[in-house]
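Both complexes below contain chain A, partnered by chain B and then by chain C.
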Partner chain A sequence: MEIIIYGIVNSFKLILIAFGFTLVYGTSRLPNFAHGAIFVFTGFVAWIMMHKLNLPFLPAAVLALASAALVGVVIYQFILKRIRGMSMNEIIATYAIGVALIETFRWLGFKGTTFTLPVLREGVVFIADVPVDYQRLLVVAIGIVMLAAVWAFTKFTRTGLALRGIAQDERAAMMLGIDADMTGTLAMALGSALSGLAALMLFPLGSIVVEAGYNTLVFALAVCIVGGIGSWGGTIMAAFVLGFLQVITVTYLATHFQMVVTLAAIIATLIIRPSGFFGKHKELEERV
Partner chain B sequence: MKTGKRRERIDRGIKVRSDGLYALSSWREIAYLLAPRTLLIGGFLLAPLLLLLFPYWQKVLLIVCIYALLAMAFDFLANYVGLVCLGGSFFVGVGGYGAALLNKYCGLAPFLSIPLAALLGAAFCTLLLLPCLPLRGVYFAIITLMYPLMATRIIEAFELFGGTNGMMDVAGFANPWIEQYFLVTATLLLLFGLRRLAVEDLGLVIKGIKDNDQSVRASGINITFIKAQAIFYAAFLGCFAGAYLAHVYMWAGLSMFALDFSIIPIAATVVGGGGSLMGAVLGAVLLVPLSEALRAFGPLRIVVYSLILTVVIVIKGEGLLNYLARKYSQFERWVEI
Partner chain C sequence: MLAAEGLMVFYENMLALNNIAVRCGANQIVGVFGANSAGKSTLMYALSGIILDLKEKERMRGGEQITVLGKITYDGREIGTLKPHLRARLGIVLCPERRRLFPESSVIENLKIGAFMASRRQARETLDYVLEIFPPLKKLLRRPAGFLSGGEQQMAAIGRALMAQPRLLLLDEPLLGLSPAYQQVVMEAVKLIRETKKISIIVTEQYARPVIPIVDYAYIMENGSGVMSGTGRELLDNPDVKAAYFGV
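And now, the complex of A and B:
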């Protein structure tokens, strides 16, 4: 029972972490390797807002989300725009920016486990005799709300439809007057804000550490690769598979095997089916 | 109508004359061809002597060579074979642990254990990367990024080879001169060897695979086998660097799988300019001393590095060496349209 409940919670954690990445890649074919850095960045910005400017949690959270979106926009406008289409340069540049961001925080002295964000509400409920605290329930709730919101946004609004149009066929979409740079900027802003949202939800469960930036990137990549990069349904399925896999590993083996299992899942997926277990029809162009 | 101007680039006369192998008719032409190469070889061979007064910078020279080797491996894989490998540190780690094991358990001296570790390590890496060879582009990059991370976690989790402490008491070099010149000569030999390889038959097939793998395959060539060979050469360079490092530090440990060994060579290749292997070496020569100078700033070093890398990618994608080579062999003038 414990495994089921914590597996679900863990799966939603992974969904929160990975969804920003898959959104950006799915709509604009931009691999945002600065994803993990933005995750950490949001956490620290929220912390600075709260402890240096003495703001309460909610306004600080909103401002942190806004600044995460801003970072996404800046990365797109000043870096990605100029090297778009050269996929290797995109990866190297975003990864380098991510590393720069993370290491700047380390340099500023944000290390150790003294930096924490508060939970929205203290307390524990018992679900089938398993104690679950409110923050973990909130993670699940926010995860569901976010999925629904993104789904509705891309299905029913003009901007959302434009994003999907660009993703399906860039040339045709551009002929219809959709600006690829606009959607790219938007996708980066949204993806970064989602990464920030994940940070605000997950950091209260532990403390803010710079290493989380690298781990988050690996987890996001793992989920996206196992699910098929850019496929949303696949991302959710893969988050559940990996989420349960991690919880089972932690329960029956030890905590430090969690990463081994995740990495092994990435390598195995790439070797067996590079387009992911739930990805569609891309087999031919990716494999030789 | 307003007449515009456009810049025209034309090969210098001396370049055209000295391009043909049989037409070298004057010392000037010979000097034109030899000058850049002499500068590189002479520079590397004299450096240990010139740095005699600064023992600290002699150590830095070793690091330069190590990173030059790694950058060459990255450049070879990325620009000759078309496989972008983000996991250079995996090669370093395998080579380092290999040399330490050979030295401690088989009692081999550094001169035997380094080449042997490089060979065995390269074979090991090739074997492990064999299943990933059908992948390309982003997928190969991601999977190679995972290998060193995986290796660290496995060593940590199973407490292999001394676990997080690493393996101590690896034999060092008896004589600092041998230490220096062994590496410098090896770097130069491997550099020119790899350049030679790239214009041999195998190199041409490799280039063909990069440009259009399907048509190479259609010619009846087993591309996986060729790619495996290319990986073997690149891994050999990486493992050699790692094995050497293990003997210099007299230690092999988890930090050999660290990100530095993956990122700095990439930065060096990007800054120096890919596609000629020389650019990779030039990048290492420029970046490593810079990073040593920034050592006092701790994590800021990596920040500066990453920023340089980003700026160069965004603004001057061709790299320094390609820019210099153009200036060396061509001149520019404005012409009216």
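And now, the complex of A and C:
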């Protein structure tokens, strides 16, 4: 029972972490390897807002999210725009920015485990005799709300539809007046904000550490690769598979095997089905 | 309305368009005919600006060097350096070869994405209009576009282009791979669009026969060069053209 409940919570953690990455890749074919750095960045910005500027949590959170989105916009406008379409360069550039960002925080003295964000509400509920704290329930709730919001956004709004169009055929979308740079900027802003949202939800469960930047990126990549990069359904499915796998590993082996299992999942996927277990692009191409 | 002069496009050293001049007046239908690889699609890419995107991507990749020369004026304004989405905003909308619908989106979603630049009212009205000229689409609205037949896809593609509120519609080989029955449907629709919407249309095709009755003026291309032009009648009466392009 414990495994089921914590498996679900952990899966939603992974969804929160990976969805921003998959959104950016799925809509703009941009691999944002600064994803993990933005995760850490948002956490520290929120912390600075709260402890240096004495803001309450909610305004600090909003400002932190906005600055995460801004980082996304800046990365796109100043760097990705110029190297668009060359995936290896995009990966190297975004990864370099990510490392620079993370290491800057380390250099500024943001290390150790003294930096924490508050939970929205203290307390524990018992679900089938398993204690679950409110923050973990909130992770699940926010995960569901985020999925629904993103789904509605891409289904019903003009810009959302433009993102879907450009994701499927960039040039055809251009012919209809959709600007690839506009959607790229927007996707980066949105993806970075989602990474920030994950940070604000997950950091209260522990403390803000710079290493989380690297782990987050690996988790996001693992989920996306197993699920089929850019595929939303696949991302959700893979988050559940890996989420449970991690919890089972922690329960029966040890915590530090979590990363091993995650990386093993990447390797196994790349060997068995390189396009991911739920990547449907291949199939569709074959049929047409 | 649109006048292109001295259009030249090189892919590296290969000359894809050689000094092409094309004109399309307001509310005219202009045909461009030529065999495979005559440069019809390159011409459409040049007019719609997609060629600039191709060029940019190739340059960044360090791939083929594409050179574009010539002058394109639209409504008295030089647009040769304008990006494709900005040309679309001015009303030049390309309905590309092989249709290029968004395969995972349903037909209705394709149409909605097409309406990116349209106001809410325009979108609603154009949707009604599209379903009016292509009634078979009504039953297909929820179907993913990738699963439609060629003819159905073509109707959806023209519909999607119309949703973008074109003033000059570029149709690149709209009859490619269609059954004669669907060719008829598409050509009737093109005629209707010109009459009811007052849109100018440039249409390319390999075979002139199904298209020639509705064009006001037509160009014939061979190996990237314009070899002949004239009204539909003039071309029909020319024995050389007849032999080469009408399969008589």
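What we mean here is this: the second predicted complex is superposed on the first by the 281 of 288 C-alpha atoms of A that agree within 3 Å, B and C clash if a C-alpha of one lies under 4 Å from a C-alpha of the other, contacts with A are read in each partner's own complex, and residues count from 1 in each chain.
Note that in this section a contact is a pair of C-beta atoms (placed from the backbone, for glycine too) under 8 Å apart; a residue touches a chain by one contact, two chains touch by 3 or more.
In this text, all values refer to a predicted model and were calculated from it rather than measured experimentally.
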item	value
When chain B and chain C are modelled together on chain A, clash or fit	fit
Partner chain(s) touched by A:91 [first = chain B, second = chain C, both, neither]	first
First, second, both or neither for A:83, with chain B first and chain C second	both
Partner, of chain C and chain B, that touches more residues belonging to chain A	B
Which of chain B and chain C A:225 touches, first, second, both or neither	first
Touching partner for A:51 - first (chain B), second (chain C), both, neither	neither
Partner chain in contact with A:271 - chain B first, chain C second, else both or neither	first
Least C-alpha distance (whole Å) that remains between chain C and chain B when both complexes are overlaid	10
Set of chain A residues, in rising order, touched by both chain B and chain C	82-83, 86, 287-288
Parts of chain A lying in touch with chain C, wherever the complex brings them together	82-86, 158, 161-162, 164-165, 168-169, 171-180, 284, 287-288
In the complex with chain B, residue positions of chain A that touch it	31, 78-79, 82-83, 86-89, 91-93, 96-97, 99-100, 103-104, 106-107, 218, 221, 225, 229, 254, 256-257, 259-260, 263-264, 266-267, 270-271, 274, 286-288
Residues of chain B defined as touching chain A within the complex	78, 84, 86, 131-132, 134-139, 141-143, 146-147, 149-150, 153-154, 156-157, 213-214, 217, 223, 259, 263, 266-267, 270, 297-300, 302-303, 305-307, 309-310, 313-314, 317
In the complex with chain A, residue positions of chain C that touch it	48, 50, 53, 57, 60-61, 83-85, 88-89, 93-96, 100-105, 109, 112-117, 146, 160-161, 163-164
